[in-house]
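Quick heads-up: structures coming right below.
In what follows, chain A forms one complex with chain B and a second complex with chain C.
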Partner chain A sequence: MARIIVVTSGKGGVGKTTSSAAIGLGLALKGNKVVIIDFDIGLRNLDLIMGCERRVVYDFVNVINGEATLNQALIKDKRVNSLSILPASQTRDKDALNKENVGKVLEELGEMYDFIVCDSPAGIEAGAMMALYYADEAIVTTNPEVSSVRDSDRILGMLASRSRRAELGLDPIKEHLLLTRYSPKRVEEGEMLSVEDVEDILSIPLLGVIPESQAVLKASNAGEPVILDTDSDAGKAYQDVVDRLLGEKVDFRFLLAEKKGIFSRMFGG
Partner chain B sequence: MALLDYFLRKKEKQVTTASKAKERLQIIVAHERNSRHKQPDYLPQLTEDILAVLRKYINVPDDSLSINLDNKGGDLNVLELNIELQDDEVKG
Partner chain C sequence: MADASIEFKGTSFTLSVLHLKTLLLADIRADLTKKVAQAPDFFYLVPIVVNIEKIESSVDYQAIKELIEEFNFTFVGFTGAITKEQRSFIRKLGFSFVNTAKNTSPEKAVATQNIEEEKPVAVVTDSLAHLYSDKVHRGQVRSGQQLYAKGQNLVIIGSVSAGAEVIADGNIHVYGALRGRAIAGAKGHHKAQIYCQNLEAELVSINGNYWLSESMEQHWGSPVYIHLTDSELTSSTLI
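Showing the complex of A and B:
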């Protein structure tokens, strides 16, 4: 049985696709068979972040409409051969997906892969509901900022009421908090909600904290998920997230601001 | 004096924007969670009745009473009643 993990947030621009790409690739690098599905019909972007935009021929909606087989639509990653991407359609409207046909595709993928990572669109409309409906686990991506935290709480409500697991009365979706764009320095200065603040409000277990990092933009520029940038703090933080998803116990890092040395303090470094 | 200010400032416990953000979020999130859970129809009337009883003895504003019915999983339901009193009202 594949683990179906939805990467969701409610609010847009908090790092769902960046996280889906990094975590999916990280899981594959650990030897798992992984497929990442872009659920953002009409606003395809996972292909760009993964660097495979030129290789998209068929997409999710083509598969659903029977215009292509799953194997035709899946794009094999060139870096890790146990990883594939199922791109979203760029032209069709969002109503193309429904519970029945998405369920069939997920079932078929579940026989081929260990992990199915669903990159959710922003919002709480049909597309986002479809991405979370079949999930076993949810990575709730949140920025330490009021509107993102509020929207995440909204999504937690949806996970608990609108998912397949909720409808069938099965064990609830396992929720994980992923805090992104975290700036320890601003937290210390009292300008940003801390990890503990967000944990307090959302009260779900913390999966990871990704520091605000220039490496993320560089990674998306290059189409190389940031987890491949093993020297960067964001890359390392995503690696920790992957290890935790695989059941390892890893201490949290990048939670404290770098202490300035006496010289840079004196001379304003 | 700038040096003195520097040390004094560190000691002061300021209300930071982050703590304001947390406080606002806690309130709005709690409020939205409540409206999300379907509450039984009798709760508004129950609230009114309890307020009326309270007012026989003390002066309380409408928003001083909050009632929640929480399902703690399984068969366990908890009716939570929260009455906020101001100092001068308690003495009566």
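Showing the complex of A and C:
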């Protein structure tokens, strides 16, 4: 059976879709069969970030309503054979989703894939609850910023109490902290919360730290998940995240501000 | 630290209370004889508390005790809203004075009877503080979560996040940081206390008396316990 991983946060705009795309693609590049599901009905953007927005014929709601089969709706990624996307509906309502019909789709997907990455919408309402309900693991995406940390804490409470595992008294969802848009320089200057500050408040194991990077915007606009930009800090950091999810022990990079050597300072950069 | 061989506990018992309306021992004896005859087994060795509230003149406590014991009741003590002097006088004689849990309103008087037997009332021994058991929660209390330890103390092994609420009728212990709200003594327990390893709370309250963060500046970030002295909240460091 597949590992169902929800990428959630509470707060909006912290990097859930960016991370879902990067991590999903990274897992597939390592030889795993991966499907990424966009749970943000009505505000879909996973297809944009993945670069397949022109190939969406059927979507998640079509499958739920029996208007299309899974195979018709799933979009195979052009870069990696073992990666597919299930896009969200843009015109329909999220009320089409309920626990039973979502559960059936996940069960069917579970037999076809090794990993199911659920890209959650922001908030704590039905859409987000549906995305986290069936999860085995959760990547709680957090910016080192007070409102994001507070909202992540809230969503952690929901993961512990409103998920299927919680309701049935099974082993709890495995929680991971993904700290995104981290700027070591600002942390050193005392402007930004540090990794330790966030870990102290949230008390969940750290999966990765993604540095603030201009590469992310470039990647979104190009429809190429940032993990493919192997020169960028963000791309490298996402690669480390994928390795850790697959069980490797990887040291955390990009935590300290770069000390510029005399030559780089003289010659710019 | 518990004593090895003994333990004191506060417990409620149901006891029969005999309300006296007269001091005339002869009348009391006559009415008691009639009553006991109705069900002698029922009354045999029954613990009796004597309520002397309605008697205005001075009471011959010794005589009443002996009269009660004539009928093979087990005499427990006297009760009723009386003066401090009467109480100490009773004690000096070697008898107990027992407090009721609440004020019992007078039963409807039967005119011809001089004595009245009341339905059994619960009498709570006052000598020991009301001891609560602990409700233990392992793990973080997340923002938006609310825990209520009804009729218990609350022990949290973990931290309480900002935006979370922990409430107890008794004390609250947090083995971690307290960043949310802690409300102790929620049903009116004035002696409730709040303990934590790191005070960063939004609000703490004991029996309705509360502090917001601004009042916690003195020990902010330290391990503290918070209690009421008179009706003022006080915080003291734990170490």
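Here is the rule we use: the second predicted complex is superposed on the first by the 261 of 269 C-alpha atoms of A that agree within 3 Å, B and C clash if a C-alpha of one lies under 4 Å from a C-alpha of the other, contacts with A are read in each partner's own complex, and residues count from 1 in each chain.
By our rule, a residue touches a chain if its C-beta (ideal position, glycine included) is under 8 Å from a C-beta of that chain, and two chains touch if they have at least 3 such contacts.
Every value quoted in this text rests on a predicted model; they were computed, and no experiment measured them.
By the touch criterion defined above, A:V14 reaches neither chain B nor chain C. By the document's definition of touching, neither partner reaches A:V242: not chain B, not chain C.
Looking at the shared chain after the overlay, A:V117 reaches neither chain B nor chain C.
In the superposed model, B is the one of chain B and chain C that contacts more residues of chain A.
In the superposed model, A:M192 makes contact with chain B only, not with chain C.
When the two structures are aligned on the shared chain, A:I23 is found in touch with neither chain B nor chain C. Of the two partner chains, both chain B and chain C are touched by A:R150.
Note: residues 150, 153-154, 157, 161, 200-201 of chain A belong to the chain B contact set and to the chain C contact set alike, using the contact criterion stated above.
Residue ranges on chain A touching chain B, taken from their complex, read 145-146, 149-150, 153-154, 157, 161, 187, 189-194, 197, 200-202. For chain C in complex with chain A, the touching residues are 139-140, 142-145, 158-159, 161-164, 177, 179.
Chain A contributes residues 150, 153-154, 156-157, 160-161, 200-201, 203 to its touches with chain C in the complex.
Note for the complex: chain B touches chain A at residues 14, 16-19, 21-22, 24-26, 28-29, 32-33, 36.
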